[in-house]
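One chain, chain A, appears in both complexes that follow, with chain B as partner in the first and chain C in the second.
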Partner chain A sequence: MHLTLEFGGGLELLCKSVKFHNVNVDLPKGADKLSMRDLLAWVRTNLIKERPEMFMKGESVRPGVLVLVNDCDWELSGQLDTTLEEKDVVVFISTLHGG
Partner chain B sequence: MACNSSTCNSSGCYKGYEEEEQPKPNTKAAVNGGNSCQNLCVKCKVNEPVCCGIGGENSRFCKDCFKNNLYGKFKQAVTYNAMITPPDKVLVAFSGGPSSRVVLQFVHEMQYKAQKNYDANKDKSLPVFGVGVAFIDESSTHSFTSLHIEKAIEDIRLIVSNLAPPSKELFVVPIESIFSSDGIDGKERLKELLDAVSDVTGKEDLLIRLRILLLQKIASENGYTRIVLGTCTSRIACHVISATVKGQGYSLSADIQYVDSRWEIPVVLPLRDCPAQELNTLCSLDGLKIVELLNGPCSGINGLVSSFVKVLQAECYV
Partner chain C sequence: MEADSKPKKSGARLCCVCNQNRAALKRPKTLEQICRECFYAVFEEEIHQVILENQLFKPGERIAIGASGGKDSTVLAYVLSELNRRHNYGLDLFLLSVDEGITGYRDDSLETVKRNELQYGLPLKIVSYKDLYGWTMDEIVKMIGLKNNCTFCGVFRRQALDRGAALLKVDKVATGHNADDIAETVLLNILRGDIARLSRCTSIITGEDGPIPRCKPFKYTYEKEIVMYAYFKKLDYFSTECIYSPNAYRGFAREFIKDLERIRPRAILDIIKSGEDFRISTTTKMPEQGTCERCGYISSQKWCKACVLLEGLNRGLPKLGIGRNQGLNSDGKKDRKRDSRTPSIESKQCGSLEF
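Moving on, here comes the complex of A and B:
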């Protein structure tokens, strides 16, 4: 599944300072849908090059990280259970840094 | 002086500039009788929500109501605390980050509406307040490449020049100019000063202090009457805990007021009621460009407290 991922608020530093990533994520074995839970695990393995604890805590994102799926807060679409579709845009923003 | 009356309708009163956009009725929702309250914006109860404010279940907004709610909090803080009045010249401290980007945007929108009203009014008795922007270049204390900092300054210039009319003067000031002497000597003195502090937290706090002193200097030398900071609720929360931990209880209550009058040029905090996540969401939704110059996570007390506050927030709504 082709997705566009964006990292902001300092999270890009964990992905070699690259903010935008066009990725192709395989669905997990036997599944017909891709959930945010699956995507997070994929991101941790494939995109986060250092300090994974700054991005994730357990199977979810670290507190203070805002997640928007197609400009909509993931709290409203089921958080980890949000299902993703082809060409979706997922934005991760760390709000730990002030500004 | 600013009017604090909620019913004032005089031409110069900024209360009149607040426009609540009327949402266009969605016939589908009307036909359904709006039964699915769970899936509707809590404000207009018409559109689908896209943002979650800090109140969890009770603050699911559609994009427009979310923006209006945030701007409303800003306007209320400005009006009730007489932060910006017609004869004022306000200096907005812009770090490039999301909070200061939003305060810059909101101050601009307020100024723009005031200008339109002034132009439309035959009686030009009340002037439109002036706005300047200050960016403190701290590259001498960090290890950014000069290319990196130059690009950042260029981006900031572009952002400020696009926030016109009315046009705003931009001050890009290196942190070492806090020492009255120029260039190289300033850098050396700053380095000496920072090296004299051995702990990370002490260095961070010293820099914060130097920033505000420099802003005071810029404001005072250029005739500004107010300094506007983008300090948000989250930052205030962190400050309450970190100041307590550091034994700074005496100054704490004055540190967190809407208006800090301890300085020669009063410092105002119009985003004091806006949490960081809402400001970040607004920047993302509205495409407000942010210029980020980040040195990695803070490792001292300030960084620890910031993470702690986030954990508290996350656990509140479980």
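Moving on, here comes the complex of A and C:
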């Protein structure tokens, strides 16, 4: 599944300072859809090059990291249970820095 | 109930305010699902109400906005500018920035403030630690190591803001401290048993009896909403953690608050309310406020904290003023040999604030 991922608020530093990533994520074995839960695991393995604890805590994002799917707060679509579709845009923004 | 077809993720949810547009976020404050336009309106209106109800400003006042180039101060500058125009507050707004001399952090964020100056049309003043105190944070950290950095920086920054405000001849300073910050501070003060600070830290206006009062228009504004506002409005801000902050105690309070927010978002405002309603037992001894003997700044001790810290730096005693019993007169047993590598910089006085 082709997706566009954006990292902001300092998270890009964990992905070698690249903010935008066009990725192709394989669906988990035997599944017919991709959830945010699956995507997060994929991101941690494939995109996060350092300090994964800055991005994730357990199976979700670290508290203080906002997630938007197609410019909508993932809290509206079920957080980890949000299902993704082809060409979706997912944005991760960290709020954990000075203001 | 929903039809049996796969529900469209966000199309099904309408804004609960206008019932027309698709909801874009869930407000932590109210758990409402709201669209972008309604969010902008309610975000701005709530801040406007906070300003009115707490009488933060008077017409004709000159206000310096403490601007670091970060998310809070950038959004504050944007929103205050907008509200000033929309509601005719009659304020003269300025951007005031402090350069602590942290390479790779502050020099980058100052570029952002310079852009904000152009984008928002607000005149900018930058004051630096180097000019004010003779030391950059980088130099300080070289001397004291990686602990207690925030103690030095926070103390120096407070005075630096006042100095800058005096140079700009403003009536007040507005800072971007948000609800999350204040809840963290309440917790920090409880964890440390700092009753004096606890009684002051939730005030939306502070320092009214001092040279320059300060206010926090974002006191009830959630950090998440500030970031979402900036994101949707594409506001330009700088977002990297200060390189010296990972060791700060505040980090623990922040982590806790963030975990709490996940479970019950309202907790942040409730902690602030607890802090506001805290009452100190009448038998508790509280420090009295006076002035520093050396520079005249507000202080509850003979010397203000900045003077104590500077004295420590200049005498090669990095622990002076750190911890509970480390005052000026407790260094009888300390090693008085000055480190020959330490530059003996004539310390500048913290400075008097001429008014």
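One rule holds in what follows: the second predicted complex is superposed on the first by the 98 of 99 C-alpha atoms of A that agree within 3 Å, B and C clash if a C-alpha of one lies under 4 Å from a C-alpha of the other, contacts with A are read in each partner's own complex, and residues count from 1 in each chain.
In the analysis below, a residue touches a chain if its C-beta (ideal position, glycine included) is under 8 Å from a C-beta of that chain, and two chains touch if they have at least 3 such contacts.
Every value quoted in this text rests on a predicted model; they were computed, and no experiment measured them.
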Between chain B (first) and chain C (second), which, if any, makes contact with A:T95: first, second, both or neither?
both
Check the residue A:L13 against both partner chains and state whether it touches chain B (first), chain C (second), both, or neither.
both
Touching A:G64 in the superposition: chain B (first), chain C (second), both, neither?
both
For A:L76 in the superposed arrangement: first (chain B), second (chain C), both or neither?
both
On chain A, which stretch or stretches are contacted by chain B in one complex as well as by chain C in the other?
8-10, 13, 62-64, 66, 68, 71-73, 75-76, 91, 93, 95-99
Help me check something: in the complex, which residues belonging to chain B touch chain A?
49-52, 56, 60, 63, 95-101, 230-232, 234-235, 276-277, 279-281, 284-285, 290, 292, 294, 296-297, 303, 306-307, 310-311, 313-315
Mind pulling up the chain C residues that touch chain A in the complex?
6, 9-10, 13, 22-26, 33, 68, 70-73, 109, 176-178, 181, 223-224, 226-228, 231-232, 239-242, 245, 254-255, 258-259, 261-262
In the complex of these two chains, what residues of chain A are touching chain C?
8-10, 13, 62-64, 66, 68-73, 75-77, 82-83, 91, 93-99
If you look only at chain A, which of its residues touch chain B in the complex?
8-10, 13, 54, 62-64, 66, 68, 71-73, 75-76, 91, 93, 95-99
